[in-house]
Structure formats: structure tokens, C-alpha cells
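What follows is a set of structures to go through.
In what comes next, subunit A is part of two complexes: it sits with subunit B in the first one and with subunit C in the second one.
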Partner chain A sequence: MKLLIVDDEVEICDFLKSFFEERNYEVRSATSGEEALKAVEQFKPHVVLLDIKMPGVNGVQVLQEIKAKFPKLKVIMVTALETRDKIEECLRLGADNYITKPLSLEYLENDVREKIEAVTNSSSA
Partner chain B sequence: MTSFEYQEALKNAAKSMVRVKNPRRLLKMIVRFINREVGLSHASILMYDQDKSQYIFVDSRGRHRIPIKLVKLDERNPLIRWFSEKGNHTGKDRLSKDYLTHEQVNLWLKNPAIMNNGHADELKEHILQLQDVMLTLKAAVCVPGYYKKELLGVLILGEKIAGGAFTPEELSFFQTLANDASMTIKNARYQEDLLAKNLLLEKKRTILQERLREIEQMRKKEQETYYQIVMSLAREVYAKDPYTSGHMEDVARLGVMTAEKLGFDLTGKKKDILVAALHLHDVGKIGIPDHVLMKPERLTDEEWKIMKEHPSRGAMILEPLTDFKRVAHIVRHHHERFDGKGYPDGLKGEEIPIEARIIAVVDAFHAIVSTRCYRRGRSVLIAFDELRANAGTQFDAEVVNAFIAAYQSSSMDQTEYKSHHDAH
Partner chain C sequence: MTKLHLKKRKRFFKQIVLISILVPLVLLAFSLLRFLAFKFFNYDLFSDLLITVAVAVVLVTTGYKPVDFAVLWLVRHVFFRSHVNGQIALSHLAHEAVTILNKYELANLIVNTIADVYCLQSASILLVEREKKVYRIVSAYGVKPSSWKHVEFPEQHPLIELLRTRKLPIDQSQIQKIFSWQDANKLNHTFEQLYASYIIPLMFGDELIGSINLMTTGRSKLHSSQEMRCFFDFSREVSKAFRNAIIMTDISDANQQLMRLQTELLHTAQRSAIERLATGLAHEIHNPLTIISGKAQILLLKRDQKAYDTQVEDVLKTIVKQTKRAADITRKLLMFSESQQSVKSLLDLEEIINDTIALLSYQVSLDRIQVLKRIESPIPKFYGNIGELREAFLNLFLNAVQAIGQEGSIQVGLRYRERERLIELSIRDSGPGILKENLNKVFHPFFTTREESTGLGLFVTQQIIHGYKGKIIVQSEEGKGTSFTVELPVRHEKKSYEGNVVKKDMPGPVKATR
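So, the complex of A and B:
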């Protein structure tokens, strides 16, 4: 159960990291788009939680690159942006879910677990 | 600091904070104060967001602070349910809801007396969920803030950095703060609501006023248009009679001069009303057939009856001009006689509007000196004689005198009428 958390706010990364670690996930975090793309290659997570508004390479660009290289990797957008256009754009580019902040931790965890189960089931089958 | 001094310090702090009216500032102060004075891993405040029906973190401080605007707790969250459900589950009612501490939750879970009642499964499940939420939020203490029975927010406090349990003084202090904060939030919201309502009312009033102004402008425009139509009708009446065409302005001028001689008050709208009545007094003739209007011979009784309708027809035409209600009234009565033998209503003396009495004289003079289809015009002097002869019966004598005086002193070329009748 490998999870990568991408958010330019360290505080958010730390909070979500400890939240998921307490629930027995293996977690890495990245605070920029560049870092995130590197971590995807090296850490090979099952699921990525991806913020959109980041300096440099933003979340939408990261999503595009991830989906180009690893189409099966699940990406959940986690962002404060909730315009219809943004949501549609991300879903069109292959995002597996779009969760807006503030979020319910329970919902987030359920969704992450579901996605990981889907990936591990299909790979073992 | 002794326990007593500490308690007093906390009380004083609470008192000074209560005076802060802005809830956001108060919440920030509370979080900062607790974090500094009590020394916690974090101090955070969850507040109810009315618009979205959810609880969000509005402030958080300390090493283990919760990123604000990241996490929300909806109304189904175990912690929120614990504090907001009142009297729904008899099992929970026996447990304290003033605040939750981590130790207490653990004690409940170990207490067979609590776990082994009729609601055990559900209650146990809820308490387990509570434990999980508190663990997630790194909460050692959760203190609810109510206004009446409404849960407005929850104070979420981490472990003491120095270690050890919270003292009863500290817990009661937190409760005081939570309740004061709730009161402040509620008051501020109440005021915001009032302000918003006032603003809305004000807006509505402005819109209404604008609308009224628009309507008033439209009405004015309509009136102007109507007035122009009526004026052109009046001109047409004059134009039908080739001998009088172009005399409309002369009639108006003579009428105003007479009014001035009489000392009639012409301030404000009064002059406009008089001039309009002078212009429009015969507009009712527009409805009279030409064969009657321009008949050279004597009119039959039937024709005369039609002819005598023109003052009331004129008044009817002018009725829609609400700004000139009086004009219609004057026009209706310009064929009344001073002795009450006129038409249409047989008014007499002062009952007849003064403007109508003026029109009667000016109109008669005009008729005498003008060449009409049925007879040639006569001289001004003959006209004066005739007016004088009928003063007191047909005409108001004062008006006749004023008219003659005005005419004689006017710069108007008196030969104008003469030349007119000489020409034909």
C-alpha cells in the first residue's frame, strides 16, 4: 500500500503522511511537481494524492506526465480549486477522482483504499 | 504559580477575551493563549460553517497543528455526532458530554458497566470511532461550544508538552472559553444577518425608487406626447377656419395680458395652465362635423346642440393630462355665462373658473373682429361696445374692463384685426 502525497505545503504533507502511516500505509511526500515526478519513478506508488496549485510544474502537468508514462497509476486530485472547468479538465486527462479541500479524512482514506485494492487485485489476477 | 493564582489568571484572561466582538479575532486569541499559557502539542478550533453545513478548522497552533482548510468534519463525523446528538441514545446520555478527554474514552472502553447495557454494540462502536478521530486529530481534549443546543464549534487540544493530565481548573477554563466564543460567534452572526437584511432592504428600496422614477419619467413623456397631440388638434381646429388660422398665439397673448391686468396670480404653473387653456379651449371642436362647424347659414336646433358639446368634448380630450387637470376644468366652462345662462353646467359668477371667464371675453372679442364664414369681421370699437353691453350678464364686468384696458395699452397693432376684415 504505497502512497505518494504531493502538496507544496509541507504542513499538509506531514499531516496526511502521519494520518496514512498510522493506518499502515507506506507514504512518501513531495512538495513540488518536479519532486513528484522523480518520486513516481523511484518509489513506484499505487496511488498519488496530487495538489494542483504549485509553483513550477503544476498538478495538471504532473497528472499528464504520470498518465503518459504510467497509465495504470491511480491519481486523486486533492485541491482547493473547484471550478467545473478544472474538474472536467483533470477527469479528461485521466484523474481517478477529484477531492476538494477541506476534505473529509474518512472519505479520503476510503477512496485511497479502494483505489489500491483495485490496482493490487488487477495486478494479481 | 499556585493552583489558585493560576485559576485566577485564567479567569482574567477569559474576561478580557470576552470583550472581543470579532469572532475570528477572538478564536485566534484563544488558540494563541492556550498554546502559550498551557503549552500544548497543538490547540485548534473547529467551527461550524453555516453555508456548507460542515465543521472546518479555522485556526491551529503548535508543533502538531492541523493544517487549516484541509480537513472538514461533516455532521456524520463521530465526534460531531457525539456532541450534537442530545437525548437520542439513552446509553450515551449517561456519559459526560461537557468535554471529552483521551483518558476518559479509554476508561469507557474498559468499563464493563458502560459497555454491557442494551445499546452496547452501537455505543461501543461510537466510542471506538471517537477514539480513532481523536487519535487522527492528535486530540487529548475536545471541548464543545454551544449556543442554546446548537453545536457551533469544538476546541481540539493536543497533549501537554510538559506531560501529565489536565487539571479540573484547566478543563473548566477551556469550557468557559468555548462557551464565550460560541456566544460571540452567535452574536456576530446575528448582527451580520441583521446587516445583510438591512442591506437587502436598502437595495430593494433603491430599486423601487428607481422604478418609480422610471415610471414617473415615462408618465411625463407620455403626458408631453399627449400634450403635443392635443396641441396639434387645437391647431387643426384653428386651421379649419382660414380666417382665424394663426391667431392662436394672439388669443393666448391677449388672455395673459388680461389676467395680468386683473392682478391674477401667474406664478408657478398657473401661467402655463392659463396659456394651455387659451390654446386648447376649442379643441373639442375637432369632433364636430365640418358641415356644422363651417356652415354659413343659421344652425338648426340639432346642429346647435352638437356645437354646444364642444366644451365638454374638449374637457374629455384633456382629461388624461393629469398634470393639467385644471385645464380640462377651465375648457369645460369657457362657454358658461356670468349670469348662469351658459353651458354646459349653467355655473354663474365666481363659480366659473376665472381663466374660463377670461377666455369667454377674449374668445368673444376674437369672434366679433374676425371675419367668419357667416359674416364679416367688425371693428375693435364695435367689439368693445358689445363686450361692455354684455358685461355683468354674459361676461364678468371686471374681466371686460381689464381686457379693454390691456388691449388698449398693449403694443399689439390694433389695425391688425381691422386690416384683416378690410381684406375680406
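So, the complex of A and C:
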């Protein structure tokens, strides 16, 4: 169960990382788009939690690249607040879900678990 | 004499006069003849029926012509008098025309008056539209609007060229003599398009402004060359009025368009500014809120292992709940600015009103304003654009809040008037009220009495409500407050094409409509 957390806010990465590690996930975090793309190649996560608003390469661009290279990788967009157009754009580009901050950790964990189960089931089948 | 045309009514009147003169005259002549015949020949004309009839016929045929001539002469005087009246009417019309500055109004007046004065079968006015470089019929009498609304000629059209160069009226019956066979044929077609037998150009200097197009019939009073000349003089007078009206109409159209564009521009700018503000603000606020709320949630999830006392647990729960509430405010702000693009759906107006009140609750409590809500459920769902209605309601609330300033109350009412199928929203504030002279200006764009306001709120609100064929009414009493009442008609049956489109877009909520 490998999870990549991408957020330019280090504090958010840290507490999410410890939250998921306590629940036996293997977690990496990245604080920029560039870092995230590298981590995806090396770490090969099952699910990515991806913030939209980041300096440099933003979440939407990261999403596009991930879906181009690894179409099966699940991506959950996590964002403060975005216009409907932005949300629709993400879903069109293949985002698997869309969650707004502040997060409900219970909901987030359920969603991540579901996505990972879907991936592992389909690959083992 | 045969050229003399009379109205049907007058012709009937003439016949009556003719008979009433002819019959006694014939009887008199017959009696005289009988008396003479009896005296000199000792012969009674009545003794043979055949001879009686023959004499009567001879008398009638010889008497008819002179009597008819005399009666016609009499009637012609009546006719001639009305013709003079027609000329007076035209000269009045020419004077009045100068004062009318709307080209459509002017064209309507002229078309109707000349058709009446000259007993025309049809009359229309063609006017130039400079921007589009076409001549278009703007008003017509005696022709169905559906058949003249689309009639327009480009500047290079042969008729337009002809009117511009000749500058004289064209009579359809004369074109065969003036033009070649082909040209006359083409022109005939144009005359048909204009439902005319005469086309009189409206010239201003060398500029062709348009034309007056007339169709005469046997009973029309526009046949002698003198009458035509008189009418041409009139058209020259009216040309000036038309030129002024065209310029004025163009200016006022351009003005209105400018005003609309300016409003739209400001409105969109305002909206995109709010959007940027909301998303930017959210980034700054929601991240710290996420950390606060997230850490509190982590502690809460550990409650089984740590065994907190209830107070700690309550505090943690409150932190999570309140951070969510704080985040909601920026979300609502964005929700309100994202409006125009959204599609129509069935809306719960009560919910929209509650959302609007929630958005302003902070400011309202800060200003010590009491909001009294009175909703008479059930309120039927309303088919509309959620963003538009949110914006309309928000503007009305904001207006009330700003009118009160400090301390006061806002009464919000929502009810359904079943018989009229209207949803009625009323918002009454306890503010200082609106000055009487300003009352009819409140919906004008850019009208405001507050420095910080753009003066667009109520204008936009009115536009939105009108978009739903609704009404917005303002009532105000100085010193007591102002109330706005919005009436929105609930449409139960939707046009099928609209329904189809919507069903495709939004399969969910629309199915509920009848």
C-alpha cells in the first residue's frame, strides 16, 4: 500500500504522512510538482494525494503527466478551493476524486483504501 | 369625368340623390306629356301599356345624363373639400414630424396618416441603416408584419441607385416608358416586394435616407399630377424629420449598448475579482485550518488508546467543527461569484435564502442587525439558474444591510401565492428609507447614494428577475424603511425543446417537472 502525498505546505505533508504510516501505509511526500514527478517514477505509488495550487509545476500539470505515463495510477486531488471550471478540468484529465480542505481524515482514509484495493485487485486478477 | 373617383359611401350617396331627382323629374315630364297629348290629340298615354313604358324609358334615358352630371358636380364639391382637408392634415403632419425623434414612431405616424388621408391600400417606409449599409422597411400599413419585416435592400440595389440618382418619385405605370424592357421587369419585381405602385424618395441633400412606398387603388385620392406634386413636397419636408430621427435613434441605441456593455464589463470584472479573492484567500486560510483540524482529528481518533476526559474530547470536536465552518465562508463566497455559467435546474429557494443569510451573518451580527425570517412552507421548486438567483437575493440582502448601517432589523418573507402561481420574496429593512425623487431611480445602472457602492446591485437584480418574467417592486417610506418584493412566476409546463435540452444535461432533478 504505497501512497504519495504532494503538498507545498510541509506541515500538511508531515501530519498526513504520520497519520497514514500509523495505519501501515508506505508513505512518501513531495512539496513541489517537480519533486512529485520524480517520486512517482522512483517510488511507484498506488495512490497520489495531489494539491492543485503549488508554485512551479502545479497540480493540474502533474496530474496530466502522471495520467500520460501511468494511466492506471489513482490520483486524488486535494485542494483548498477551486472554481468549478478547475474542478471539471481535473476530472476531465482523469483525476479519480476531488477533496477539499480542511480534510475529514476518516473520509480520506476510506477513499485511499478503496482506491488501493481497486488497483491491487485488478492487478492480481 | 370617368377619371373622377369617389369613395364607395359617396358613390352610394350619389345614386340616392340621382334617383330622388330623376324620379320626380320623369314623373313631371310624363304628366306634362300626357296632358299635352290629351289636349292636342285627344289621346290618353295610359291607354296602351307598351306606349307608356316606351315613353318612360325615353324620358329616363334622356334625363339621366344631365342629372348625373349635375349630381356629380355637387358631390365633387364635397370630394374637393375633403381633398383640401387632406392637404391640411399633411402640412400638420409635416410640422409634427419634426418633433418626433424616434424613427420607428415617426414612420408609424406617417404611414398611418397618409394611408388614412389618401385612402391607400398600403403604405410603407424604407429607411437607411447606415451601420449595416442596408435599407429596411421600418413601418407599414395594410401589409402583414410577417411579410415586410424581412424586406431589405443593400446600398447597391438597382432601386436604391435609381432613387439616389433620379431623386424623383417613380410611378410603376410609367416605368415601361422610361426604362428598357429588362430593367422595367426587374423594377416591377421590386415594386411587388415593397407592395407599392409609387415610390417616393426621401432625400436630404444628395443623401438618400429612404423612401415612402404607396399602393393606390381606384378609390385612393392620389391620382392627379397636382396631388402627386403636393405629396412630393410633403415627402421633402418629412425627409428632414427622418434624418434627425435616424441620427437620434442611432445615438440612443449606441448609448444604450454602451451602457449595457459597461455594466456587463464591470459586472464580470467584479465577479472574476471575487473569484480570485476567494481562491487566493482559501489557499491562505484553508491550509492552516487543515493542519489545525487534521491534528485535532488525529487526537480524536486516538481517544480509545488515550482515554481523554469528556472535556478534552468536546474541545477537539469543537475544533474540527469550527474549522469546517470557517472554511465554509470562503466556499460560499466563491459559490456566489460562480454564477452565469451554471445551467438551469429545479431550485429550492428556501435553501438559497438560508445560504445568503449565512453568508452575511457575520456582518449582520457585527452591525447588530436582527434578521427575522418567515417562510410559509411548502414553497414549490423553482426552475432557474442557481448562480443568478443567489446573486439577486444577495444583492437585495446587501442592500438592506447597507441601508440599515447600525442596529435595525431585516424581515425576510417567502411564500407561494398559489392562485397566481407566484413565489413571493419580500425583504423589508428598518433603514432610513429612500427619498421620493430617488425611488424610481434605484434600479438604474450606476445609481447609488453610497460612495463605496458601484450602483449595479439592484440593476443586476432587476435584470435577473426580469429574465424569469418576474417583477420587482420597491416601496419606501422616509424614516421607516424600504421593502423590496420579488414575484417569480412558477412555470409548470416547460416547452418541449427546452425540456429535451435540459434532460440531456441534467438527468437528475429535472425529471421531477411535469
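Basically, the second predicted complex is superposed on the first by the 124 of 125 C-alpha atoms of A that agree within 3 Å, B and C clash if a C-alpha of one lies under 4 Å from a C-alpha of the other, contacts with A are read in each partner's own complex, and residues count from 1 in each chain.
Going forward, a contact is a pair of C-beta atoms (placed from the backbone, for glycine too) under 8 Å apart; a residue touches a chain by one contact, two chains touch by 3 or more.
These figures come from a predicted structure and were not determined experimentally.
Asks: Both complexes share subunit A, so when I overlay them there, do subunit B and subunit C fit or clash?
Replies: clash
Asks: Compare subunit B and subunit C by how many residues of subunit A each one touches, and report the one with more.
Replies: Subunit A has more residues touched by C than by the other partner.
Asks: Does the superposition put A:15 against subunit B (first), subunit C (second), both, or neither?
Replies: A:15 sits against subunit B and subunit C alike.
Asks: State whether A:103 touches subunit B only (first), subunit C only (second), both chains, or neither.
Replies: both
Asks: Should A:44 be classified as contacting the first partner (subunit B), the second (subunit C), both, or neither?
Replies: In the superposition, A:44 contacts neither subunit B nor subunit C.
Asks: Quick one: is A:53 in contact with subunit B, with subunit C, with both, or with neither? Answer first, second, both or neither.
Replies: After superposition on chain A, A:53 lies in contact with subunit C alone.
Asks: Just subunit B (first), just subunit C (second), both, or neither: which does A:83 touch?
Replies: After superposition on chain A, A:83 lies in contact with subunit C alone.
Asks: Taking 22-30, 58-66 or 400-408 from subunit C, which overlaps subunit B after aligning chain A?
Replies: 400-408
Asks: Could you list which residues of subunit A make contact with subunit B in one structure and with subunit C in the other?
Replies: Subunit A residues touching both partners: 9, 11-12, 15-16, 19, 80, 101-106.
Asks: Give the list of subunit C residues in touch with subunit A in this complex.
Replies: 275, 278-279, 282-283, 285-287, 289-295, 297-298, 301, 323-324, 327, 330-331, 334, 338, 341-342
Asks: With touch defined as at the start, can you tell me which subunit A residues reach subunit B in the complex?
Replies: For this pair, the touching residues of subunit A are 9, 11-12, 15-16, 19, 22, 80, 101-106.
Asks: Residues of subunit B touching subunit A in their complex?
Replies: That would be residues 54, 56-57, 65-67, 69-74, 77, 135-136 of subunit B.
Asks: Show which residues of subunit A lie in contact with subunit C when the two form their complex.
Replies: The contact residues of subunit A facing subunit C are 9, 11-12, 15-16, 18-19, 53, 80-85, 100-106.
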